[in-house]
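Dropping a structure here in structure tokens format, bear with me for questions.
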């Protein structure tokens, strides 16, 4: 017991140490004679694998405990304590975080392995793995943190790593700009997080600022503050998990190396927001208003992103929008208090989205960094393993029956329907159809039909085993992960939901089985409709259409980036230059300038009085005397 | 030596500096002498830090009567409030001597005098003594900017000097007023801050005196809208002077508010707190926005520094223990991060003869160590958790929320504003394509790397193990708050009981 | 009436001031100052008479001595000035100004 | 006996003056010897003054002198300052007249006479004695100012000073007459008891005090009686300017303070009046100083400002137990700083004082680093930057103003001090931050330089150990 | 009655002399007018029973000092063309009078505040040589002594300033 608790602290430590070692190695040697890639690769994988191993240990340890006592906490040291604020560098492993731990370390390790192949030959090989390890470490801190402040450490850490990795190919300005965008947008969210935390602290945190104490004190929260805190925290989640209105960074983030997109922008980091809302389920459950705002923002994001995804031509952008869209689902789930459904979707999504990204990465790798799906085509013969695994991923994503995505998405839609959020349910079903459509649009365009660019096509081949083996493992996960939370109707027992129950505050509505069937049928119908349309349009090869009208509007993402640029970025810059060019010298400094000016003028003016004539000097004296006499004459009376 | 640790720390550098000025010495000897002295000071500083018990009272006290007729004494002491400021003043100085080799003898002498005076300002517990060091501190700065600064150094020098002296003279009037009021109330003369804090100032002039004090400190900090000297001075000053200005001198302004204004003028302070905190926040936003359109890297950092000082000052005005501790911590944190950034810019200027952001690019590829160090300092400056910058900023925002939600939210925007210009700069300087100029950029050599390494480690250590520092400053901050603000008894009891619990918990 | 003497003294004193501030001739200026001293002397004597004490007489003697000493010096200066410029205009001597 | 010892410095100086005057009849005696002799007399008198260690107020030779001379701690301080100034001036003159050849032996005699007059002025507690002492002092200074007969500016300076000084002197006599008319006496003590014995303001006393103030304010160069001072300082030789800027001001302010301290009632009537004078003096002086290009003129204008501060101290005089420490300390601090600069000017200015303007001082720090440093110290002291004497002086003045309840005056004093920063710093900037355009070496003897560095030491000594006063 | 008549006559003469001093363009005429004033003043002094001062006024002031001044004026041989232009003299007078009005009215107000006393001649040796001398040497010894220093200074000064040039060589 004691030992296991201390292990928790080690889980994030392994990758962090790895990052440090790798970083130092790279930093000190990269300009002269770098170490061999193999050494980096091995060192890089050690940390995540050890963490994964420990995560398993923790999981089994927890499993061995009675359901109500399933938590391990370990305070490494007091981080800082000021007045009533007591923040420990503490870690908490409970069902929720252990589940997150498992798949984060698992998928993280796989992606590390995959990257060894993908990044081969890059001159910053060592740096890449240092960042990757750092990222994983931060993510684990985020997941394991025993209180909001520690979570925030990981929260910002992953933001930083995302910045570093997106701008990894930093010679290209666009990449760096994308990185900046990611970091800044994330920071906007973080502001919400920090403010939320602060309000939370003053409301109920003065008797301990970790989840357990907060949960115990949550009933003291007044509705006003409570809703404010929920919404502020949700702003943080929006930033991290790319929800309206802060989703804009995620598509741009595809500028980073593909494994990064897989790891950060699909499987782990972006789900942090969902995880956070689930963590604070004791708050959101208290304030349904806040929850429904979350749910609506989520489902609208899902709709919007799915819509954008239908028109993209960059394979990674499609996946990025699909990620945004799926994240919308998750928020819809946690918003309607179906936390376990949301987390379950996080879980399955991690598998199939990582798979899809890595698959896309393989494609890109094979096509020498060609990402335009309109340049691909017919690759299924050239790259069978990639095709097979990606197909599984696509099916899972689209919610094909019996694949993992089907169960998790269905769970969400069912919960929406069951809890009476009909609107969310309708949109959810619609989005499910759209998801199937754009996913298979991508699959068809990439792998089916005739090759559009012969030269690229000829050189394409499957990736080396170090890349394909992770794909296969993930494919297995993507296909069967749903089994872990099989609902009763399929003879399962909602294992994950039950596992998570001690960590979450949720109520499972008891509804008739018909509603459940209705939900399942509609999602299958939506899936079928989406895939059919996609097959009709793209199944046999198609030429790139001219985007006109509404499609153009969609292709350009409703010009949201441009609007943001015009509304926020440009004014910001303009204000900056107004301040430094106009305000600073002419207005703020005016008191100094005015004083100086007056001073010099007065000096010049007074010089005139020193005429040098004795008579005039005498006149000054007499004038002075005269005035004083006037003054004194008054006082004589 | 051991009873007079603080006196030694003050006068060793001052005297060495004067001797260096008066006697002919070669440049190299001067530099080595300076280095040895500052390292000696550093060790004494560390010794003081380690020996500091952190009970909230004054330690290492020295007190000798000086001018009896007015009760002026030579009083020195260190408590939690001044500890970290003192550390900032001692720890960072040796770097200046190792990194920049080209300055002349007079420059090194001035640096030493500046250090001594700054330590004096920090340690003084007597208002007059404080004032004396406070003014003396400015003189070396004046000469360093004026003699060794950039092309537009003379207007900049004049501006900083006259501006700050104007402020401090007003403070002189105010401090005399305070002592005179004490004399009329208690019938004896004293300038000791502990005794003066018992004063009840009720009359109309107290407000003016308070404002005079605040103007003096606001100029030094600098608080919006008294910051206009800062960009010019920081830009034109030689880099190590800028470093001294930003890392230590500006902090002493904040320190002065905590040490001298708050205890004496509690009522006025509470009355003006909202206004002052608004000034802090406005300055933060204003300077942060101005920073983004700067073309000169040093000027950008100058604005960034001003922006951070706004936040640091805000922590004082929020009147709760979190914000105050945050400020005290952030004083040291900001000294390490921004100070080091200035030094880095100085190095870059030395190597490439330019500070223009547009002329640079791609340094990260040539100089990974430099880039990494720079990035760490930069991240600390934007307040990333795990670095020193986060703790203070978080505590200040937390405290500000308690004080006034609106101001708190505005203060929070520092998270965004800071990151905008920093990333923008980092992108153009370290990323993107390198050009002819930056092709030749040499990475840090071993001695430079070893010089910076302790500070970089300190930045991380302060982020990861801040409690080492906080536990020494927090009791003093708490005392300050409790002593000063007349909180109803019940509330006082409420706040002290859990803190006792925490103390037990810590052990 | 004693007041008449005093008022006469005031008039003479004011005329002396007038001479100083309106004239540019060094001699006239100097003699106007002497006039002012004389006016003061008259006042001394009038007060002395008023109080019937002879202290005022002594004071007058002192003032006379001072006037004599000043006169000696002033005339030496006048000679010096004349040597320099050949003029007695005070306005000529305004090299030091501004 | 004690009375005699108290008068000893005066006697030493007086006999020295007469001795030197007699010596000047002999062609054989060298000018340098004369300066050494005068230095010797000043030093002897200084030591004598120091030995007196005067306690409370004592009337000297009450029977013979009829209570006209009173010595006190304050007068001792003033005496020390005057004699010190004289000593350093003699040193400066030694150097100065090696470069500028217009001196004769009488110079030192007259300087000693002047010092004699000043000492008398500080001691005198009677109006006509004060008037005669004032005239002794003034006449001596007039002569010293116009000593360079071949120089037209010097002659112009003496003309201005003499004419306006005599003009002011006429007011003094009129004032004395009025006071005599009002109180039947010219002795301070009797005036005091008269004022105390009569409630309400006696118009004659009011008018008399008013005219006497005019004379004092004129000598102290207070606004609006300040205009002469700049031209006169400019026209006089550097050591003379130093002497008149310091010793003369000390003497005048001592008698002024003594006069004001006669009686609380008198003081109360005049506070408002002096308040405005002080304010105008400070600001007027500053505004004149800004525009000046010549160092001496700038220093003259800054002297006006310092008079303003001294007036603040006078306003804040507590008449109940008047000790004059504040005034005395300020005078000492001011004297040390100003005299220091004039010492430096004595040997830096060169023949015919050709190094005169700010521009001429460009880059002095490169050519004469120690002198530049010394001048910097003096300027900082005058500007009131710690840890110099000037700071402590200003501090005392501000403290006394606050103690007396004159908040506005104290604050205005501070504001004026801010204004004065510019021209002090300007010289420092010229010396340090500009490159030298042309530089020349100056000869002369090392005495003035020695004086400069002794004074630098004094600046810090007085500043850090104000107990000496 | 006779005394009052004398007073009127003398005072009118004194004022006229003073006016002459400030109005005559040539200093010589001014000096002569001043002599008139001084003699009138001497007359007034007798009316105030100041016998000794009457004599001193005539001997020292009207005699010695004024002779000296006249001597210098003659010595310098001032021609009318050497005299200052003083074109705007009239305006200066007007302005000067305006400035002086407050001072004069203030002084007169002071003088008026005194009780009116007849200025009759006081007998019994008031203001006689012996009596004044006794006062001088009993009560006013110090000023008397220091006046000698003053005169000495003035003597030396005149020699230095106006005497023959003696330049010291190094």
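Order of writing sets the labels: A, B, C, D and E. Residues in every chain begin at 1.
Heads up, the rule we're going with is that a contact is a pair of C-beta atoms (placed from the backbone, for glycine too) under 8 Å apart; a residue touches a chain by one contact, two chains touch by 3 or more.
Everything numeric in this text was worked out from a predicted model, so none of it was measured.
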| item | value |
| --- | --- |
| Common touching chains of chain D and chain A | B, C, E |
| Those chains which touch chain E and also touch chain D | A, C |
| Chain with minimal offset from the mean of all protein Cα atoms | B |
| Centroid-based (C-alpha) most distant chain relative to chain A | E |
| Chain pair that, of all pairs, has the most C-beta pairs in contact | C-E |
| Centroid distance [mean C-alpha coordinates] between chain D and chain B, Å | 43 |
| Between chain B and chain E, centroid-to-centroid distance (C-alpha), Å | 71 |
| Gap in Å, rounded to a whole number, between the CA centres of chain B and chain A | 36 |
| Approximate Å spacing (C-alpha centroids) for the pair chain B, chain C | 65 |
| Sequence positions of chain C contacting 2 or more other chains | 6, 13, 16-17, 20-24, 29-30, 41, 46, 48, 50, 55, 62, 65-66, 69-70, 73, 77, 80, 90-91, 93-98 |
| Of all residues in chain A, the ones touching two or more other chains | 607, 610, 612, 614, 618-619, 622-623, 625, 629, 632, 636 |
| Chain B: positions in contact with at least two other chains | none |
| Chain pairs in mutual contact under the definition given at the outset | A-B, A-C, A-D, A-E, B-D, C-D, C-E, D-E |
| Parts of chain A lying in touch with chain E, wherever the complex brings them together | 619, 622-623, 625-627, 629-630, 632-633, 636 |
| Residue ranges of chain B in contact with chain D within the complex | 21, 67-70, 128, 131-132, 135-136, 139, 142-143, 146-147, 153-154, 157-158, 161-162, 165-166, 169-170, 172-173, 176-177, 179-180, 183, 205, 208, 212 |
| In the complex with chain E, residue positions of chain C that touch it | 1-8, 10-19, 21-25, 27-28, 30-32, 34-35, 38, 41-42, 45-46, 48-50, 52, 54-55, 57-58, 60-62, 64-73, 75-80, 82, 86-92 |
| Chain A-touching residues of chain D, taken from the complex the two chains share | 159-160, 163-164, 167-168, 201, 203, 206-207, 210, 214, 218, 223-225, 227-228, 230-231, 273, 284, 287-292, 419, 422 |
| In the complex with chain A, residue positions of chain B that touch it | 159, 163, 224-225, 227-229, 231, 286, 289-294, 303, 320-322, 325-326, 362, 364-369, 372, 379, 384-386, 390-391, 394-395, 397-398, 401-402, 405, 408-409, 412-413, 415-416, 419-420, 423-424, 427, 430-433, 443, 464-467, 470-471, 474, 477-478, 495, 498-499, 502, 505-506 |
